[in-house]
Structures are given as C-alpha cells and as structure tokens.
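Each structure below is given as structure tokens.
Below, chain A partners chain B and then partners chain C, in two separate complexes.
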Partner chain A sequence: MFETFDALLLARIQFAFTVSFHFIFPAFSIGLASYLAVLEGLWLKTGKAIYLDLFRYWIKIFAVAFAMGVVSGIVMSYQFGTNWSVFSDKAGPVIGPLMAYEVLTAFFLEAGFLGVMLFGMSRVGKKLHFAATCMVALGTFVSAFWILSVNSWMQTPVGFEMGANGQFLPGPSWWDIVFNPSFPYRLVHTVIAAYLTTAFVVGGVGAWHLLKDASNGHARKMFSMAMWMAALVAPIQIFAGDMHGLNTLEHQPQKVMAMEGHYQSHPDGAPLILFGIPDSAEKRVKYAIEIPKASSLILKHDLNAPLAGLDTIPDDEEPPVGIIFWSFRIMVGIGFAMLGIGAWSLLARMRRKLYDWHWLHRAALVMAPSGFVAVIAGWITTEVGRQPYVIYNLLRTSDAASPLDAPAVGASLAAFVVVYFAVFSVGTWYILKLMSGPPHTGEAGVKRTEKGPIRTAGITPGPTQNPGGSQPVPGNEGEV
Partner chain B sequence: MALKSSGDPSGEPAGDDAPLLHRLAWMAAIWLGSVTALGIIAYVIRAWLNP
Partner chain C sequence: MDLTIIWAFIIAFAVFAYVVMDGFDLGIGILFPTFKVGLERDQAMNSIAPVWDGNETWLVLGGGGLMAAFPLAYAIILPATYPLIIAMLLGLVFRGVAFEFRWRDPRHRALWDFAFTAGSLIAALSQGMILGALLQGIDATGRAYSGSWFDWLTPYTLLTGIGTVAGYALLGATWLVWKLEGEAQAHAYRLAFRSAIATLVLLAAVSLYTPFLDADYFDRWFAMPNFLFASQVPLLTAILAYFLFRGLAKKQEAAPFWLSLGLFGLGMAGLGVSMWPYVVPSQITIWDAAAPERSQMFMLVGVAITLPLILAYTAWAYWVFRGKVGEDGYH
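Up next, the complex of A and B:
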C-alpha cells in the first residue's frame, strides 16, 4: 500500500502528526496545573468556597488532558528509536540524559503527585494536598524545561565534541548544552504560550456560561481571572516573541528570512511583508502587501539596516518558505487578537461591564481554542524553519532517519492515525462535555462518596445531586 | 477499601484531623501507586511498539 511513498517523508509526517497531537495537551496542562495551584492557594488563604468549587470543576478536565498528554508523550520518545534511530545513535549522548530528566520529572513529580491531587484530599489533608498540587504544577514546568532544552540544542547546538564515530559527545560543561543560546528565549515564549492557551480556554468556558446565565458567580470569577491573564500576559508574550525572533535572526538567519518572505537581500532597508503568496520557484512573494523598511526597523531597530535574503543561501539549504511564512502569520495574528481581547476586557472592567458585554463574551468564546492554533503554528514555524537539518547545520533530516522501508513506516503511521483519532476524540469529547456543565456551588470532585454505611453490592441509589443550585450539598465532599 | 467521607456541611473536604505521619504515609502510598500505574502504561506501549 505504501510502496510508492518515500519512507523519509512518511517518517516526517508521522513525527509531525504525533508531536502536533501531543503538544495540544501539555500546552493546556502546563497552564492548567498552575491555575489549579492558584485556585487551591486562594481557597486556603481566603477560605472562600468558590475557589474550591472552581478547583474541583477544572481538576476533572485537567485529569483527562493530563492523561492524554502523558500517553501521547510516551509514544513520542519511543518514536526516536523506531523512525529516527540514526539521529538517536548520533545525538543520544547529548540529548539522552536531558530527555531522561524529562521522563523522570514526568513520572515522579507530575504523574506521582497527580494521584494525590486527584484522590488524596480526604487522606492527606488540605496543606499536603496543596503541596501535591504545587508539585504537579512544578513538574509540568520542569518537564517543559528539559524538553525545550533538548529542542533548543537541536536548533542551536553548542557545547559538544564530535566523536571519531560521528557521534555528538558532551563537551566539558553540560551547562553549555542545557543553556544553549536559543533555550532561554524558547522556554519563556513557550511557557507563556501555554499559560495564555489555558487562560483563553478558561475564559471561553466562562464566557459560554455567562452567555447562558450572566448571574453565575463561578462563571464570572473564572472569566475575570482569565481576562486578567489575557490583559497582562498577552503584551508580555508579544515582547518575548520579539526577543525570540531577534535571537533566531542571530543564530538561524534563514529561518527568519523564510518567516519574512525575504527571497532577495535588501541592502537599504527591508520591507515588512504583511501578506502575499510566496513562490519559491520564482523566488518572490506574489501580491505582496508590505510596509517599506519596517522589517529592518523591527529586526535591526534601524530603518535603513541591510537584511540578507534567501539569495545568500544555497538552494539545498533553504527551508520551505510557504509553510513558514503562513504559520508565522497565523501565530502572530492570534497573538495580537489575544492582545485585543485583553484590552477589550480592561475597557469593560473599567466601565463595570465585564459580565454584561455579550459581544466580549462571544469573542472570548470564539478565541477559546485560539491558543492551541497559535502554539501549533509556532512550532511549525520553528521546526520547519530548521529544515533541511534536524541538528542545525550539522545533521540533515534525510541522514537521521532509520533505514526502514516505506510500508513499515506507513503502517505505523496509519495505526497512529486510527488510534489517536479514536482515543483522543473520545477524550476531547469528554473534556467538552465536562466544560459544557455550568460551574456551581458544591461542585463535585473527581470521586464522590456518600455519608453513611458503605454499600458493597447491589443496585444502590446515587448521591444527591444539585447541578445548578447555589446551596452546598451535604454528602458531596468526599474527594477532590 | 472503605473511603472515609469526613467533610463538613459547607462542602469543604477534611482529612487534617488525622496524625501527620498517617497523612504522610497515605501521600507516599498514593504517590507510589500513581508512579507504578504510569510505569505499567509505559511498559505496555513499549512492548506494543517493540514486541
């Protein structure tokens, strides 16, 4: 079935498919873990039950998203061995330990304390439970730290020595490898992106329930918290993205050339091409709408600064311009839309209309999945922009793949597509189902228990439920 | 295993009334169970990909 396909292309499609699918979940769980820690901390500090209700509302969603993130992540790391064994062999001495730290973090901080977080409140008490929640939040961050360090090293490899057998070996200092030149920028940009992604999901869910019932205090609280994040963090993210771009220009100039659509060099100031259709055959951007000299101003802070174009790069080292050009614009466009929502919410807040402006709620609802689109677009920009190399300027992607025939890679790709869509569709559907229920007083946690004797068999009536009520529900407090 | 439900009527979960050592033991047990569960899942996926 796959005999006529190129094995390398199939392996690249498989990695792109699985990593894109995977990153949706950590992009959400990194931010949501911190949000849960904030909610539980506020509950312990203020004693207000609304924070515990919101904690219980979101922890169920977190549990499902986290599980899907971990499972899809395990597949990712195994894929290095199945489809990219040459890369693993050559780069293993450098990236292996870093990835091992990530796995240890995922196992012992995230997954370990997740059990306490989900099922342990009535066993360990409030303060130890809060400590477990903080460990999970810390674990998601540390996990991201190591993975982004590995990825950044592949983008800006330093601190290594070449072995006689062609392997990348660690040099005298691991710190040079871990804190490689692009890592701090990528870490900040990615983690903030995860926080914004979560904020817009929380904001979208809050907006959805405000549109149905503007008096819902729990929906108001989550919407307000999310809009504070949008207003305060979106500008920081745009600044962080700009700094990341300048770092990329220094270390991976052809990626920026592709992002900007600069096929030609501009010795007297380069234009900022807002939109157009890149044509790599003709080496130009058709129907370009551009602002003269603005690209030089952004990238060099000088209107007349010269900027080199892709004409200075050999054709076989050019990344695919069209994909990068558009994915970059999608990411930036969403970033500015987030900034707009944040500013709009500030205006509404100043006029005491945050919970009354339905068009703001509708816009926030539409923007709910925008963070996911932005992070995927951002990763496409940076990963495709590194091509044709897997380790920048040192190891070509075509030289990194396992010596497999196309049918072998194609069969596993087909299996991944079928399994991922089946499993993750169900998971995503369940998350949306959980989100569709309004947050309310006496929110049920992950597990419910009843007061009274323990029933061990037979058909038993369920515990009392109070889905939309405003009063606490006795007997509804067993577990978080 | 019996699961105690010891919250108060305000909806707040309890558990703080148990001795600290007892609660720490529970924390360690749940933590270990969670890590073991993930280990089993990881091993199953590994066996599936590389039988």
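Up next, the complex of A and C:
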C-alpha cells in the first residue's frame, strides 16, 4: 500500500490534515477562554448569578474542546521533525526559538492554570480563581502570538542570514524576525477571527434555546452578548482583512493574483471577479462575473491603477489558483454574512425584537459553525497561497520534506485520519450534547465524582422539568 | 561553560521533567484496569485530572526545545524513530481525551477507560523504545537520517520499552499510594511493590546490555577514571531501591513516590554517562547539532525569566490540589 504514491504529496496532505483539524479547537478556545473570563469578571463585579451559571455552562464545553486542542497540538509540535526534517534543520535556528517561547510563555501558562480553572474554585476562592481564568485566557492569546509570528516569518522572511551549511541563521535583531512584515496583520486578523468564531457558536447556542423557549433568561443573555460581538467586531474584521490583503499584495503579490483570479495583467484597472471558474490550463477565469476596475479600486484605491497578473510570474513559482480563488471567496462571503447578522441584530434591538424574532434566531443558528469554515478557508488561502514555497521565495516545499518512504508517510496519514475522525467526531458530539441542554439557574460545574448529581450531558434537569430556568438547585455554590 | 552545554542540560531537564511528571500520569493509565470500576477508578483519575495537561507540556518543551537548540538532532532523530513518534502521539491523543470523554458519556465509560489505558501503554512503550533506538545508534549521512523506517525495532529497544512501562507503573503506583486511602491505597501498595521489582530487574537488564552495544559506551562506564564516578550510579540505585522497599513495607505514604523519582533521576544520570557528549550517539555531538549562539542566547533569556515562574505556578497548582483525593473528587 502507498508504494505508488508520492511521499511529498502524502506529507503535505498529512500536515494540512493535522493542522486543519488542530486549528479548529484553538480557534474556538481562544475566544471561549476570553468569554469565560468576561463572564466570571461580570459575576464578580455584579454578583449576578446568571453570569456564574453561564460560566459553568460554557466551562464544561471549554474543557472538552481544550482537551482536543491539546492532544492535536502536541502532534503539530512533532510534525515538523517527523515529516519536514529538512525544513526543521534549516529553519530551526530562526523559528525554533519562537516556538520555544510559545511553550514557555503560553502552553505552560494555559496548562498550569487550567486545573485550577476547572476544579479549583472551592479550593482557592473566587478572586484567585478569576486570576487563573484570566491566565488561561492570556495563555491562549500568547500562544497565538508566537505561532502566528512563526507562520508570518515563513510568509515574509526577514532578519536572517544564510549559514554556510544551508541553515537560516538569526540576524542581529530578533525584533525584526518576530515582528516581520506580515505578522501584525495576520495576528489581528486571526485573533479577531477566533473571537468571531466563538461569538457565533455562543450566539447559535443561544438562538437554539431561544427558539425552543424565548423566555429563557440565560439563553437571552448569551445571545445578546454574542450579537453585540457580531455587530461590533465583524466590521472591524472586514477592515482588518482588507489591511491584511494590502499587506499581502505588497509582500506576496502572486498570492493576491491567485485570490483575485488575475491570470493576466491589467495595465489600466483590474476587474473584481466575483465568481467564475478558474482554468489554470487556459490561464483564464471562465464564466466570470466581474465588476470592472473594482479590484484596482480595492487594492490600489484608484480605478485605473495597473495590476500585474500571474503572466508576470514564472509558471513554476505560481501557487495553485483554483483552491485559493474559492477558499478566499468562502472566507469573504462568510465575513459579510456575519456582518449581516450583526446588523440584523442591531435592527432587532431597535425594534425590541431581539429575543422574539425567530428568523434572526434561525439565521444565527445556521451561522453557528460558520466561523470554523471561515478560519479554515482563510488558513487555506494563506498557506496554499505561499506555495510552491514553505519559506516564501527561499525554500521550496519540495526541498523541505523528510527522507521518508511513501509507505511510512502513507501509513501514518491513514492512522491520523482514522483516529482524528473517530476521536474528534465523538468529542464534537459530546460538545453538541452539552450545548443541547438549556442553560439554567444553578448550573453545575465540571463534576468529577460518582456521588451526588452528575450532569454529564447537561440535560438534567431536563427542559420539561425546568422550563424557565428559574428553579435554584441548592448545594453547589462555589463549585466550578 | 558554553551555551551549548547549558542548553544540553536544559533539554535534559525538560525531558526528565516530562518523564517523571507525565510518567506517573501514564503509569496510572497503565495500571487503571486493575482498579475497581466506580469510585476507585474515579479517584485514580481525579488525582491527576488537574495536573496532567501541565505535565504533558514538558513533552512539548522537550520536542520544541530540541528543535530550537539542536535542530540537526531533531531533524535526524524524529525521522529515524518515525513510527514510534506517530504511535506515541496517537497514544497521547486517546489518553488525553479520555480525561474528559469518560465523564461526558457514562454509557461508554468502559470504552474510554480502555482508551485511557491503551493510549498510556502505547505512549509509554513508544517513549522507551525511542530511547532504546537512540542508544543503539542511528544511521546518519550528511545532515539527514539514512536508515530504513524499521531500524528501531530490535530486542534492545523492546527491552527499553518494557522497562519504561514498568518504571512508569512504579511512578503511578507510588503516586496513588500518596493520594489514595483505604482499600484502594492497599491495592496501590501491592502494585508499587510489584512494579518496583519489575522496574529494577529491567533497569539492571538495560544497564548490563547497554555497554555491550558499543565500545564507546563500555569505555565510558568501565575505563579508569570514569569508572570511579560512573560506578556511583548503580551504587546509589541499590541504596534508593533498599529505601523504596523499606518504605513500602513500612507503609510510608509520600516517600516511595520521591524515591521512585530518585530512581528515574539516577537512570537519567546513567543515560548521561553513556551518551555525553553526543546527542546522536557516536555520530553527532551537542556542538555539531547546536543552533547558533544568537538562537541559544535569545532562548536562554526566555528560559531564565520564565522557568522559575513556571516552576512556581506549577508548584502552586500541585499545592492547591494537595492531600488525599477523597470521595468527592476535588470539590
């Protein structure tokens, strides 16, 4: 098996598969950790039990998502060496230290305080517990900081010297390496994406419970909070994405050419191709629906500005157009749909129908997983757009792989696919089960004992027993 | 002392921290089926639920740190032990999610308990075999691994693999002696006694086998004056083993765990005697594999600032969850 396959292609598929699966979990937990910190902070500030209930509701979901993020993340830290050993050897002196900083400043912080966050409320008291929650949230952000710095350096490498042994060596300034040209844009765009992803999950869950029972105060609160995020942050994200795109145009023009479907140069204003079918053999976009000169307007802020196309790039340096063209449109489309939901929610607030407008709730429910689709599509856009290079313009992906036989890479890929689909599908199912239970007063925290009531699936007391979420359940004050 | 030596010790420390800290987590996973379904298993798992994630992070520091400080070693060792690394990672996937999943799905708890044990066992066995594969030698040409993808499978690596399983079981059992009470604790004492015997027998077997793998190893252990220093390692091991058995017989609660950690520390020292100054034995020294000084210095600043903090808040997290697990978990 696998003897006839190309080991390089298998290694690429394996990395794409494991990193895409992994990215889903941090995209959720970065935002959710911050949301939990906000909820606990509001609880401490206002003393209102509803915030504690929501905190406990979401922390059970967070625990499952975080565990999946951890185990899939450890895989990533070894993928560099197992499948991309030449890359590791060559780039290790530059990117290795950044990843070491990620471990030292982020992973330990998250993991060290997670236990207290999940199980420690009654042991350390409210304030220290809140501090632990904040540390976990901070850790998720710091992790994003370092790993996106690494990725950005691979996209826009600067501040290095070439060693005699072919290694990339750090130059005199680490600041230049860490804050490489695409990093600030990528960091802002990705972290906001994580917040929006979480907001739409929270909003979708709130909408689901509002559809079943519009009087559920807890569902109202989470839906309202999520819709504020959508209304305020989606426009910021579209602006940040635009800035990121301009930065990409400056540093990685062929990626933008592929995103735009510009096979040809346009000396006097390039059209914005809304849809079409890119045909790389014929080097044109078939059935294109386009707005004349709009691409030049967006990218150059001038209707008649010339824009170079892929005809200016040697064929063996072009990224694959079809994938990027589509993944980019999916991401942008979802971004505008998010903007639309946010605007709709503002209209609903003005009309005082936020909790009763079922079509809004249905739309929010449909949009609940949209953030995940958008971040994966965005990730594909930026990663495939860097091809055929792993370090942009300097090291080809085909020159970076480990000296492994196709059967070894193929067998491990098959193992990852089977295990990930099995384990993470089940985990996602557990998360959906937790979400299907309505949030209610006296929400139980993360319970870890056979004694006493176990609310493992979050469905006791069930919706029929506790329709308004108003019956207090005694005996678990202070537990999380 | 140059930076490369400092970094060799930092990586060694990270690996050691991982081995002893996740070692007892994995050991509990390995021993899990011998505990009664219900309260005993819940308590065994609760005793590590708040700390396992932090413990596992040392593995990321060991791997990530190796890539950063000794990129050439990382680039050679990982392809050479490829199937073992993949098996370890997948084992850790099952082990890690079982902590959450078993509580989410009582009807399939038996399945996740099995995943917990199987994952722990596979991870432990793989880690031991990776060590064995490293010690028995890796073919490298230029800057790349040049062997085949099953070189790692030999009687020696199976011995180191099983030895690691036994050692982790000892750590897990002595941890549970410390954290459990009553019948469950009595069971943990019995497990600790048996796994201590298995660990020492296998440790002796590996120690006697290793010097005959390679003349260099033999010389490092038995040539004068090395012998005078190196011989302290088995001597101290015998002393610690005596106190371990005595502690178990006297029903001491905390001491057996710390003595087991001491045994692992001596194992690490023995490993140092065999390998120094190579990172890929007989092929690549730590200086061959080292990242440039700028990389080492930049990271050393980070380590100097963060490592004391990490150790402090990790210690605090352990302190928060000190004492017996009790019947209510940690609530």
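Of note:
Definition applied: the second predicted complex is superposed on the first by the 454 of 480 C-alpha atoms of A that agree within 3 Å, B and C clash if a C-alpha of one lies under 4 Å from a C-alpha of the other, contacts with A are read in each partner's own complex, and residues count from 1 in each chain.
Here is the rule we use: contacts are C-beta pairs under 8 Å (C-beta built on N, C-alpha and C of every residue); 3 or more make two chains touch, one makes a residue touch a chain.
Keep in mind that this is a model prediction, so the values were computed, not measured.
Taken together in the superposed arrangement on chain A, chain B and chain C clash. After overlaying the two complexes on the shared chain, residue contacts for A:442 are found with chain B alone; chain C is out of touch.
Residue contacts after overlaying the shared chain place A:163 against chain C, while chain B stays out of touching range. Between chain B and chain C, C touches the greater number of residues of chain A.
Shared-chain residue A:94: touches chain C; no touch with chain B. When both complexes are overlaid on chain A, the residue A:428 reaches neither chain B nor chain C. By the touch criterion defined above, A:20 reaches neither chain B nor chain C. Of the two partner chains placed around the shared chain by superposition, chain B is the only one that A:126 touches, whereas chain C remains out of contact. By the touch criterion defined above, A:264 reaches neither chain B nor chain C.
In the superposition on chain A, A:82 contacts both chain B and chain C. Within the superposed three-chain model, A:280 lies out of touch with both chain B and chain C [touch as defined at top]. Shared contact residues of chain A, touching chain B in one structure and chain C in the other: 70-71, 74-75, 78, 81-82, 107-108, 111-116, 119-120, 122-124, 447, 449-451, 454, 479. Listed in rising order, the residues of chain B touching chain A in the complex are 2-16, 18, 23-24, 26-27, 30-35, 37-39, 41-42, 45-46, 49-50.
For chain A in complex with chain C, the touching residues are 63-64, 67-68, 70-75, 77-78, 80-82, 85-86, 88-89, 91-94, 96-97, 99-105, 107-116, 118-120, 122-124, 163, 165-167, 169-172, 174, 402-405, 407-408, 411-412, 415-416, 419-420, 423, 426-427, 430, 433-434, 446-452, 454, 456-457, 479.
Within the complex formed with chain A, the residues of chain C that make contact are 38-39, 42, 45-46, 49-51, 53-54, 56-57, 59-61, 63-65, 67-69, 71-72, 74-79, 82-83, 85-86, 89-90, 92-94, 96-97, 99-101, 103-106, 143-146, 148-149, 291-292, 294-295, 298-299, 302-303, 306-307, 310, 313-314, 317, 320-321, 327-331. Residues 49, 52-53, 70-71, 74-75, 78, 81-82, 107-108, 111-116, 119-129, 132, 441-442, 445, 447, 449-451, 454, 472-480 of chain A are the ones touching chain B in the complex.
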